[in-house]
Amino acid sequence: MFGGLHEECGVMGIFAGRKAPVAEYAYLGLYALQHRGQESCGIAVSEDGLFRQHRGDGLVAEVFSEEQLAHLGQGSIAVGHVRYSTTGGKNPNNIQPVVVCHVKGNMALCHNGNLVNANELRRAHELKGAIFHGTADTESMIYTIVGERLTAPSTEEAVARAMPRLQGAYSCVLMTATKLIAFRDPNGFRPLCYGRTESGEFIVASESCALDAVGAHLIRDIEPGEILVFSGQGVQSDRRHCGGRRALCVFEYIYFARPDSVIEGASVHAARLMAGKFLAKESPAQADVVIGVPDSGLDAALGFAQQSGIRYGVGFLKNKYVGRSFIAPSQQMREKAVRIKLNVIRETVEGKRVVLVDDSIVRGTTCSRIVRLLRDSGAKEVHMRVSAPPFKHPCYFGTDVDSEENLIACQLDSVEEIARAIGVDSLAYLSIDAAHQIAGLQGMSYCDGCFTGNYPIAVPAGQSKHKFEQPIHSGN
Amino acid sequence: MFGGLHEECGVMGIFAGRKAPVAEYAYLGLYALQHRGQESCGIAVSEDGLFRQHRGDGLVAEVFSEEQLAHLGQGSIAVGHVRYSTTGGKNPNNIQPVVVCHVKGNMALCHNGNLVNANELRRAHELKGAIFHGTADTESMIYTIVGERLTAPSTEEAVARAMPRLQGAYSCVLMTATKLIAFRDPNGFRPLCYGRTESGEFIVASESCALDAVGAHLIRDIEPGEILVFSGQGVQSDRRHCGGRRALCVFEYIYFARPDSVIEGASVHAARLMAGKFLAKESPAQADVVIGVPDSGLDAALGFAQQSGIRYGVGFLKNKYVGRSFIAPSQQMREKAVRIKLNVIRETVEGKRVVLVDDSIVRGTTCSRIVRLLRDSGAKEVHMRVSAPPFKHPCYFGTDVDSEENLIACQLDSVEEIARAIGVDSLAYLSIDAAHQIAGLQGMSYCDGCFTGNYPIAVPAGQSKHKFEQPIHSGN
Amino acid sequence: MFGGLHEECGVMGIFAGRKAPVAEYAYLGLYALQHRGQESCGIAVSEDGLFRQHRGDGLVAEVFSEEQLAHLGQGSIAVGHVRYSTTGGKNPNNIQPVVVCHVKGNMALCHNGNLVNANELRRAHELKGAIFHGTADTESMIYTIVGERLTAPSTEEAVARAMPRLQGAYSCVLMTATKLIAFRDPNGFRPLCYGRTESGEFIVASESCALDAVGAHLIRDIEPGEILVFSGQGVQSDRRHCGGRRALCVFEYIYFARPDSVIEGASVHAARLMAGKFLAKESPAQADVVIGVPDSGLDAALGFAQQSGIRYGVGFLKNKYVGRSFIAPSQQMREKAVRIKLNVIRETVEGKRVVLVDDSIVRGTTCSRIVRLLRDSGAKEVHMRVSAPPFKHPCYFGTDVDSEENLIACQLDSVEEIARAIGVDSLAYLSIDAAHQIAGLQGMSYCDGCFTGNYPIAVPAGQSKHKFEQPIHSGN
Amino acid sequence: MFGGLHEECGVMGIFAGRKAPVAEYAYLGLYALQHRGQESCGIAVSEDGLFRQHRGDGLVAEVFSEEQLAHLGQGSIAVGHVRYSTTGGKNPNNIQPVVVCHVKGNMALCHNGNLVNANELRRAHELKGAIFHGTADTESMIYTIVGERLTAPSTEEAVARAMPRLQGAYSCVLMTATKLIAFRDPNGFRPLCYGRTESGEFIVASESCALDAVGAHLIRDIEPGEILVFSGQGVQSDRRHCGGRRALCVFEYIYFARPDSVIEGASVHAARLMAGKFLAKESPAQADVVIGVPDSGLDAALGFAQQSGIRYGVGFLKNKYVGRSFIAPSQQMREKAVRIKLNVIRETVEGKRVVLVDDSIVRGTTCSRIVRLLRDSGAKEVHMRVSAPPFKHPCYFGTDVDSEENLIACQLDSVEEIARAIGVDSLAYLSIDAAHQIAGLQGMSYCDGCFTGNYPIAVPAGQSKHKFEQPIHSGN
């Protein structure tokens, strides 16, 4: 609602091994993953090797009607995808799952992440006569896998042979007529886990909250580099690409993932509480009440309050009816209609010194508007605390943390300047060190490139990261 | 979402006195009042005495498109309404505002409340040849006012003369070609307040949150019995019917109204915090964490935690994407898809003794499902605390607290039985005495008929309160 | 499509006397009557005295979904209506059937026609405290009937007592809980007939084509002045108001009604063929081919060809896909996109002297565009023949033949001037005498006020005929 | 409406060479070609080499909103397509134009026709690693062209080199960043013509009626085998593949094309009149009136009447409001609702011996229903005349004249049996010889494979013609 940063995708896969309401599983799971992508979504089902699919622009609630869900029907396998794309121009051919037919049969692929060598791959395929319907790197990935499939004895072997050529972030589910294959890049940038329902279906999902949504219990995360195959022969793991440098996006914990998810054995909600506690230790404030910006800042605000002993309060009422179809007020009304989405609960802040917690400051415009609302409602002081370090570098691995022009932390030289720009009495970010400590408690290593500029693998130099995410150019 | 109790309406009126975007004011205000009625809504605008209107079934977001808002256009006065009706069969003629033409001109009426003598009034008008398009008591109210208008020198005088014949709850806005008239029954069952924007428009609304939404500051509540007229001559107050027994619905504070609203000078959010505190005092629990059911129980849970010293926790993740268009899972999936709307944050409750706070228990089914979720997530004990007394009696004044068959507190003899039914280790309700204390702090008297069965005015005996809210019967 | 003149309504009634798919009968019948009104439509059903209704703006195809038809369900009686209103501003309260509740029960009324004393009636009711939701004269009619019903022993008797006060055109169906009452004004301006299906349901409809559509055979027309009651007691006719001067709209035969309908025992198609033949006799032309403007001029063109011996040809291809949702071309394209709706079949007209037949010339703009198309396609001469006399006077009885400013025949002094204006080599209208002869063959007398200015009953002097068909004005 | 046979596609191309409303041209043109395909449609626009596209299921009126047309905007080139597919399962990836990116740039292809070697082509590409998104042969065509483009100096040369490998029917328009290329298979199965507007835009279209719709004049047909290139260098024709055996589908004249179109210099309307005349000579009837089934039989009925001297009559009224959204009557009503789509004009047929003309009998069910309607309306005799020879063989070149099971002429041994089956007094088809004479008048040779089984080129043996038009199968 307030123009934050976005994860680029969520994936979901179901392997029932017999006729089951797999489309419905996918539908429920995508609802739980909707926070990872709101632009488009789709589901593909395999019933005895026949594929059916439905995809469209919009939320799961908009794309799937009862009819369409019924049309997808029952099957033995399904995959689903929610997508957020970073460019305005939407190409319908980019909506996933991408379902294709090749010489050995069919496949449907769902991809969360971003390849850093997408351009080179694409060029190489094009030189052999390949045609591309969309602009996403998913088609390059498919050509690479299908190219290997010409000689590989199975699709999973084709995936294994293709992986060394796929550089970057990819957490994928791939459906064939009879198998569900889940695989994750050797760095493990994006999460991917699986579990099982009591009736025996295997569920693969970007986050464990999707497992909860369909009543499955979490078994474990797919390992970075692992290829996991669900088939009539049970579950087989191919770990030939495991063992690389782990680099899970630290931002998943403190920003993207749903609080009720568990990633790498750790609760996302707990990580956010902890971020608030670290903030309180690193950057305390003299204040009467701690409030969070709904919904993104609430967990860290509670953590800040618990650590600091300052009272936790409910500072805002978020209007849950203001959604996509809200008609933007006319110029004349815009000034007035500031509190339609978010209204201050005056009782909480009037006459108080307020600690305001949120999980990020992107452009700063929303933030300064909220600060003004607080002051208009009688807050005496506003001390902003941000539960993540400042973004200073673009992300090449599947989020839209992008160009430096859009990031206030790149535009302004110091925290003091940002504080002045957004109008707060004091401002502090979580330290990178603290972010590592939160992460380190789980004994993992992480990617923090968007904070530090140190990326775990080489990134393309001197080139926009979204080369193909534009209206298609054409030669002659 | 979980089948709670409902307020029946919200009203909104704007008097600009010159050409202004009054439809847009109404639109924004209705968004802020949407929690008071989700079944239908409408806006009527007067531009130099010409009335335009648009009404429809559904949420504000569904009924008003950009085109329709543009069609309503600018004007000097507007009224708007959101409606919740208690019966399944929707009669489009009941959607408000009701716009009619009579011998002296036009009027558009919006009504929040319920007349207890609607049947007698209707019968009396029918015997004089009146015809009724809808089933709501609003038409009876209009006939009564129009009947007086035949001889009264002005519409406001007609309203004043009609009021003694209108028994029950009514907080209304009435638009004529050149005036906006707000009036409230002498008991003041339902709230009604007004304020002014910086550019000079007067705004009348059921709750002050609608004033905030359009950038108006609250002036004061309309007095019980008061008739307030906004016209080219300024603001005139007729208080001839003031001074009766005040009987504001206590339920507005602890259940219906939006937390950021201020009613009779008191913050609704503060009232809910206080309810939690009283609960903690009256019915303490030995526990490790206090959680609230989102969103209705969160404020009281925080109050309980503050009073008791037990840690406040975030117990649930509510999926904000699950709305009206969510397709109910098939029989086969229903068992599994329990956590799609509300998922437990296991981290918060696992291995803990939990105090679970909500603002009511209606049928008990939702409640017992939530309790089961908590236990499945490892909660060791669940102590439920309800921040209102148990409903035991129907409401005749504009809510759907209705038949005793649907209220678990009527069906079961004791709190212990209810506790067993919903599966909690202990259960306590707020005492009626505490409810009065919360209220009493504002020096007001209240209607608590739904808790006590003592109503401030006589209610119809031996008759359903919704006689006309059914498909129309017909004689010959 | 080309802005012709419009009938204002069509009505439909079904009396099954037992549970039957009466809503479906109404749905099918309204499809057959759609040419009589395309702005809004509605159906009301009585099931054991319970009324259900659905109404909306748009075509039958747009207003009724499968769900809504199912919701109306089965019943013993139904009435339906299609409406064309002459003003842009649509008031949803004018959509029929108008369903109301009065002291003796319910009724649903559908009205085709126009009252000339609507204003006086309305005023009289308003002075007694009546309120009006819409602007149509139907509400005045209902108040008049309901007023009589207070003392009359039955609804049909109330209708009979009300009729002397209702002046103008009205062909109505009225549904009570147990009866279907059809009645027609004593002049019989608008058609109304009834028939019966093989399974015994009685069907009342504006035109017999609606009887065909539901498989009913035509019994006879309702007589001018007749009240026909369908009830458990069978069919009763009240003819106390019969015997007045018959004045069926002559325009029904030569313009409005569907060619496959039979009115007063005569085929509409035959009347149109005959109009063409008279035209050929009265105003012959030296030509090579006779063509009609689709669809309105085709029948008369065939008659002209048969009488004159000149070859009948197909002159145009009408694009049946160009409907309401066609997006008007941009300014830049408008000049070019002349043949998207209607394309000339060059083969038929190239190098030929063409007789072009249509049933009217309203403003002349469409006509001159068509003539230009013909010339561009190589027609050597264009001789236009119009199968009705020129409209020179407004209609007060249920059509939109309206203000003189919009009628080319009023604006220009002579047929020669009109011919010049539309660019034809010769032009002739059907004579009023011939129109009478076509009519006279059926031994009837007709209203030809729009041609002659002689109306069968007094019409309101010095006043727009559509006083209330405007946005509502309001006093104070 | 009555389940006839279908053409499979229509194509449209615009080359403006400078910024122009090319999307609007395409929109208008597709409206004129809508009869060639009603299942899906699409438009792609090139603005300075940037491609924009919009495609969807449904009619042009349903797929294109004002917004979407505006989004396509202005450009220098556009291509458009309407599609009818013969299988129920719609694959959204089959909707055209197919827009792809390859190593040398972009292209958008629209194809009308059917390749007979689609399977072999596809297999060959798949063996090189190709992936297919849809099931239509258009992707095989693109791979073939793109494969040649790797070495060819231009796209038109790539097309020229690819054509020998493309066997079957194809009339195509192909857009690159700067060129519009139209090409047609050497047999010229499907029509394709071009023209120019007065403002200089070149228009390519399946039929000349689309040229009329946008105000362009017809220049000539694209020659069978010709490649016509529109670019900044003007218009270039490559005829290296011209000169083969011409085999225009004879069915275009007598069935598919719009009567106002001109194909190979001959009027389609004239061909249909002539078919009626031949019918009257070959198979006269003793009758009182000749009527046609609307709209497909009207032209030939008029020809039959002109030749035989029997009076031409209007036998039916077709309800133009019964379209896609018509709700099928319930079982109970189906028997009754026979005349909702097509009602007999009793006046025309009662007591008469009737010649009934239509352009085909497919399954026979619609036909026998119509015959029954005529008899129920009093027709004494019904003599059916069909203005085409009987279909006895599947078509492999772009229509859905398909399996023998669905064709009554294959199922029954003799014309007499068919006559008995549909209940007519006599029945006659146009002779193949006459069909050739109609065709021969234009000095052309034609494909009449669906009548004779003699195809101009080899067709695949022992294999369904729609191999890929099914839900996708998948191996492993």
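First chain written, first letter: the chains are A, B, C and D, and each begins at residue 1.
Methods note: a residue touches a chain if its C-beta (ideal position, glycine included) is under 8 Å from a C-beta of that chain, and two chains touch if they have at least 3 such contacts.
In this text the structure is predicted, and so the values were computed from the model without any measurement.
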Contacts common to subunit A and subunit B (chain labels): none
Chain located farthest away, centre of subunit B as origin (C-alpha): D
Cα-centroid distance, subunit B relative to subunit C, in whole angstrom: 47
Centre-to-centre distance between subunit D and subunit C (centres being mean Cα positions), rounded to whole Å: 38
Rounded Å distance between subunit A and subunit C, as computed from the means of their C-alpha atoms: 60
Touching chain combinations (by label order): A-B, A-D, B-C, C-D
Parts of subunit A lying in touch with subunit D, wherever the complex brings them together: 46, 49-52, 55, 89, 92-93, 98-107, 123, 126-133, 135, 139, 142-143, 146-147, 150, 154-155, 176-179, 471-476
In the complex with subunit D, residue positions of subunit C that touch it: 21, 24-25, 27-28, 31-32, 34-35, 59-62, 64-66, 69, 197, 209, 212-215, 258-260, 262, 267, 269-270, 295, 298-299, 302, 306, 311-314, 317, 319-323, 325-327, 329-330, 332-333, 335-340, 343-348
